[in-house]
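Following this message is one structure expressed as structure tokens.
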Amino acid sequence: MDQYKEFKVTIENHIAHVAFNRPSKANSLNLNAWEEMKAIFEAVHKNVDARVIVLSGEGNNFCAGIDLNLLMSVNQFSAKCEARKREQLREFIFKLQDCISSIEKCRKPVLAAIHKSCIGGGVDIISACDMRYCTEDAYFTIQEINLGLVADIGTLQRLPKILNPGIMAELAYTGRKVFGPEAKEIGLVNQKYPNKESMMEDVMSIAKTIASKSPVCIRGTKEILLYTRDHSVEESLNYMTAWNASMLLSNDIFEAMAAYMQKREPVFHEE
Amino acid sequence: MDQYKEFKVTIENHIAHVAFNRPSKANSLNLNAWEEMKAIFEAVHKNVDARVIVLSGEGNNFCAGIDLNLLMSVNQFSAKCEARKREQLREFIFKLQDCISSIEKCRKPVLAAIHKSCIGGGVDIISACDMRYCTEDAYFTIQEINLGLVADIGTLQRLPKILNPGIMAELAYTGRKVFGPEAKEIGLVNQKYPNKESMMEDVMSIAKTIASKSPVCIRGTKEILLYTRDHSVEESLNYMTAWNASMLLSNDIFEAMAAYMQKREPVFHEE
Amino acid sequence: MDQYKEFKVTIENHIAHVAFNRPSKANSLNLNAWEEMKAIFEAVHKNVDARVIVLSGEGNNFCAGIDLNLLMSVNQFSAKCEARKREQLREFIFKLQDCISSIEKCRKPVLAAIHKSCIGGGVDIISACDMRYCTEDAYFTIQEINLGLVADIGTLQRLPKILNPGIMAELAYTGRKVFGPEAKEIGLVNQKYPNKESMMEDVMSIAKTIASKSPVCIRGTKEILLYTRDHSVEESLNYMTAWNASMLLSNDIFEAMAAYMQKREPVFHEE
Amino acid sequence: MDQYKEFKVTIENHIAHVAFNRPSKANSLNLNAWEEMKAIFEAVHKNVDARVIVLSGEGNNFCAGIDLNLLMSVNQFSAKCEARKREQLREFIFKLQDCISSIEKCRKPVLAAIHKSCIGGGVDIISACDMRYCTEDAYFTIQEINLGLVADIGTLQRLPKILNPGIMAELAYTGRKVFGPEAKEIGLVNQKYPNKESMMEDVMSIAKTIASKSPVCIRGTKEILLYTRDHSVEESLNYMTAWNASMLLSNDIFEAMAAYMQKREPVFHEE
Amino acid sequence: MDQYKEFKVTIENHIAHVAFNRPSKANSLNLNAWEEMKAIFEAVHKNVDARVIVLSGEGNNFCAGIDLNLLMSVNQFSAKCEARKREQLREFIFKLQDCISSIEKCRKPVLAAIHKSCIGGGVDIISACDMRYCTEDAYFTIQEINLGLVADIGTLQRLPKILNPGIMAELAYTGRKVFGPEAKEIGLVNQKYPNKESMMEDVMSIAKTIASKSPVCIRGTKEILLYTRDHSVEESLNYMTAWNASMLLSNDIFEAMAAYMQKREPVFHEE
Amino acid sequence: MDQYKEFKVTIENHIAHVAFNRPSKANSLNLNAWEEMKAIFEAVHKNVDARVIVLSGEGNNFCAGIDLNLLMSVNQFSAKCEARKREQLREFIFKLQDCISSIEKCRKPVLAAIHKSCIGGGVDIISACDMRYCTEDAYFTIQEINLGLVADIGTLQRLPKILNPGIMAELAYTGRKVFGPEAKEIGLVNQKYPNKESMMEDVMSIAKTIASKSPVCIRGTKEILLYTRDHSVEESLNYMTAWNASMLLSNDIFEAMAAYMQKREPVFHEE
């Protein structure tokens, strides 16, 4: 993998580890960070060495969200015409949305491992991950309401598919902090841990399990889970059938079966 | 605000407090109550003094649901033609549905604070609220199945978006009571409280927090949450972008930022 | 009811009890079992003696999923043309999907009572039931990922409508076991029980309650709950109105009202 | 029917004739005209004497569209905050949209009879009618593009469901005139006529035929046609079934059958 | 193929010819005819000798629609309960809808060749065919409005996807006859012919062309055309990709290419 | 604009003229041509000098579709695993689809001017244009069925939104040629012309008219027309309102109004 300025990226044992790496700014995201994030997930999408991704934060925090200077730049669109200014604003919002959507478009599962602050844009980001895990001292804030804006790059679009609507509304309207134990209770994370070390150990272990499965099936499962989220059961069944008409007869199903019969671990190849 | 016969309505500190006020009938809803409810939420929608709404019940109960005399009136549609009778029936159901939908169409968040009985139509109503809170002795019943009918004014349409489907089905098929602690456990309410006093204190405190936020953003957040509930993530992202192209550059974002920098509370104006 | 080879079916007190009955094979499903399952739910759909269904497993397990010999038969489609082979594969997947969908198409509620193993196809099946209950020693596995395939007959299409998406993803990607207590915690089942006896006692009691309600309303409620799952609130309200324009004025509403007034149990007739 | 300032409204032989009546301004629509239009269609919706509606224009034109003074009033929203100004603008657009949608919500068919100019808002209006007829010297213009705006009250939302997309785009982008003969050729109208007299004669004759049919069926047909426009075939079949479960067994089907057997004209009653 | 009472069915040169065969009743459809129609299209769906279907009428007419005795049987549902009677009615409508939908579910193209009367149920049927052709003396009537009912088995659900909405509405509201030349002009048929002979000659020639194409591709094209009708462009593109991931690499593409290079006719095999 | 190998691109008077430029191969599209096409439409999307696009063909033809060598390359995907091969195939189809979708994503209207052959991929391409015009000797062929494949890069997804379904099916199943006059009659093109010269003159004149309108409104109209194509009227009205809340108050509306009052041509600026 390439080197990045705002992220630390390593791939080992089929696991890509992507870490926010701007700790002096609590891992807040300037324009470069957004662009790098997109570039990274597009690169991992294609990288045959990676089968699963862990997203975490270097330093004392997971991610403090959008850099306020970047946010304030919306006030500097220069068009003299109100409509053209709003066309620029629209492009800007789409751009940030696309950076986050790159997590979903990446065909490999993404596990967010969250410690300490996960604020504003950080919540937008983890909402696009497949799974979320956190430390007990982690805290989550839908910060947008406190900054006088409506969360527009994913939180209000993806988090309601995860949380109970009543809880979702309370968090979006009040902008209050949710700490690790409550995050677990309301389903914002799959599991909470006493500290970052124990969290990383378990998350890496889950990632390792996923990396041991058929890559073709892991990719297919992610595609289908996202499809089902946004479609009816009937549409989903029909699409699944078209999908598996091509994808079922993989080498992996035969390797998995053989391994099962022979009581050994299956070995899958990326290509 | 006007005076109402079946409701007590006050507005203070930007909080509208709407209370069922027919305690001698356990706050059951006759035709006038339905019509008043709609009128109230439409009035609060426009009232610049109110930024958030608390819905509670006067007396010993939250709401006993539709008045049985009103329900039985469906048997009195006079048309000689079966089809025309059913056109009348259809109009009647639409009418009651619209009374409840006025809660959703009101652009300000609605917090239901429930004590003791919340039955039948009461459940339809709280399903349309943004958030729900209750006392431990509150109980909820999808009463329709016990009365020989299919819940048609919101419970079977909105509650499945809130509850786990297995739980939802059990409650809808059995018509059994759910008390406060279970209501909290299954996500029917955000929080349970030992008694009405402690509940009202906390709910009012949450309402106060909401009322302190940018009104433009609170309204936008409600619009967007409802949009997302009924659309795919992709549709929701696209709509959000069109929305914030107009609504992002409010006075409130600049006030919020300034207050943040100056470490003071922001002050927002309704108009 | 007819006799079946792979199932034990009885109807008593308006409750149909359908049990997997191939205990020597851990109730795994060969082709005949799939076809019988469909036939059974279609028969119960029409049987006027049955108002509710309990699905359980004879012997030491609930259901071990698809018989591996049947699964492996996908490798034996004989067409010389790749496209025609995939047309056959598509037909095969549709066929199994339809067997499971017969549970949903049956207009009477289905309660799954699960003990010990519920694996692969067993999870597809319980996802199509209205409610799920289990013993503490029950365990659930999305086995497909371990067999090198993407779950295509319901699990990835229906379970995401039941579980939190983060949990759903973890289970689908890792293929790990979920035991009774966790199943209860994550909402996969409504309730867990210390053993099969206590489970069956309670499940039968719930079924009995459902069987005591208006059959017309129970059928309508199932139809509407499935409709709402796959539609927006607005679409659901509109459809509900068309529905109750025909179905509200049943004999049952009058019987229910009369019984309510007379403080007696209502008596409903199937036809 | 009440009297109106901007419209002439008469009901005779079950036909409501609604005519734009501001001929000195080419029947352009000021605010009062929009509000009256909505009031009229809501009144006809309920009026038992009317079964079908003909919409035409008094004087030398059908309708010149929105009054330019009203359009320019969008520049006068007084809010100091850009976001609040746009909330007002949004309300304003919704209001005009609702006036036009009252034509669709009216459960009785609306036939537009167009002579000479039908411009801008006039095109929005006829797009919401069930059928359109015109004289040869009628002309249609999607005027919005010539006025520097995107047609937002129906033309770009309903006309694409009527016209070929290539033609639709050409008209929307160029704002050119379409005269009667081309209007017929591209399907914008059902029929063209040499002059207003011959048009009115034929349109009234079609209206008379519609008024002679079962009112329950005419209302149902309109509901279903609008439903089908916006839904898939499968959704539409399902909704239709729910609909006719209530509406099929009308007095009218028996009267129609009896009349058919007795070779006489059927006689239907509104109520 | 089996023999049928109400239809004449032959298969020759890969063309299945299905003809209404109750000429003494103007090919009106009694219950047996509906059931046979479904059986026939299900049989042709599977019959490897047939690649395309022509539907025509024996005797002096194409099809006079539902037999009036069958229609009147809706009045004889015996349930004492209004709701249960309407459940029966709903089943009855679904049953007839399914008979017609068997035309669409048959994976082979269906060409309707229509002469003289095509009335009521006949219009429902041809709306479900892929293509329509007629003689000049053919006439079409949405007869339902004349019989006091809303067309519920396909006409109002499928014809609006074929006709201009204004024309559709006029025909549905007035129940007037449309003769061959107008049918061609409004797009109800692809082509009109002076008489049945010339029509059958041309229709058979088109069918022969279709039968000469790759059967896998013809089946796929029908599936995709129906999918696109009911989905957005983006959904359709995505589904198409999943489809062709399995179906593109057929023997037929290689045979077609080889034939193209060798300037000869390709030869395709069914299996 | 940059120079391209397979296309000739010029911008003059706000009109971008894009021409297939591989006349020796009848303007068939090799891989480079597909990639250039995407690059061109993305560049014009951003180019402030261009407000409208004309797409035509250099030499004796418009476009002969996909280069057969490129099509045959699908047979060379090297993966040893059937599933992985089909993942590659899927990527390949998506890639070509995206090249064509760049025409729709370009926010400026595209007019296709077609002479002589428009075959296979050429039909996919013109289906994505806003408007189509042709010479009388132009001919169109859905060539895919003749090559043993199902049209998967746009024709079967976009053309059914343009043509009558019966005609669409006939063309897709038979792969027959449609010449200019029939193309006009069935709505495949807006207009036909005796020769290329007269066509280009008129198309350029239409483009000039479009280029004279407000660029903000032209862009908005294209966005909204595409939105409406794939949404219900109600969804479209709601989205339109959000859109115009930002875009209505442009400089252009005031310039257009002023010009209208002053009876002069308005002058619009891109930025």
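Letters A, B, C, D, E and F mark the chains as written, and numbering starts fresh at 1 in each.
Here, a residue touches a chain if its C-beta (ideal position, glycine included) is under 8 Å from a C-beta of that chain, and two chains touch if they have at least 3 such contacts.
For clarity, every value in this text was computed on a predicted model and none was experimentally measured.
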Quick one: which chains contact chain B and chain E both? A, C, D, F
Self-contact between copies chain C and chain E, residue sets same or different by half: same
Taking A-C as the reference interface, identify its repeat among C-E, D-E or B-F, namely the pair sharing over half of the contact pairs by residue number. D-E
Whole-Å distance, chain A centre to chain E centre, using C-alpha means? 48
Would you mind pulling out the distance in Å between where the CA atoms of chain B average out and where those of chain D do? 35
Chain A and chain B have mean C-alpha positions lying a whole-number Å distance apart equal to 33
Name the residues of chain E that each touch 2 or more other chains. 86-87, 89-90, 161, 229, 242-243, 245-250, 252
Chain pairs in touch? A-B, A-C, A-E, A-F, B-C, B-D, B-F, C-D, C-E, D-E, D-F, E-F
Could you please specify the touching residues of chain C with respect to chain B in the complex? 52, 109, 130-132, 161-162, 187, 189-190, 206, 209-210, 213-214, 217-218, 220-222, 224-225, 228-229, 232-234, 236-237, 240-250, 252-257, 260, 266, 268
The residues of chain C that touch chain E in their complex are 79-84, 86-87, 89-90, 216, 219, 246-252, 269, 271
Residue positions on chain B within touch of chain C in the complex are 68, 72, 74-75, 86-87, 89-90, 93-94, 97, 101, 144-152, 154, 156-158, 160-161, 164-170, 172-176, 229-231
Seen from chain C, its contact residues with chain D in the complex are 239, 242-243, 245-247
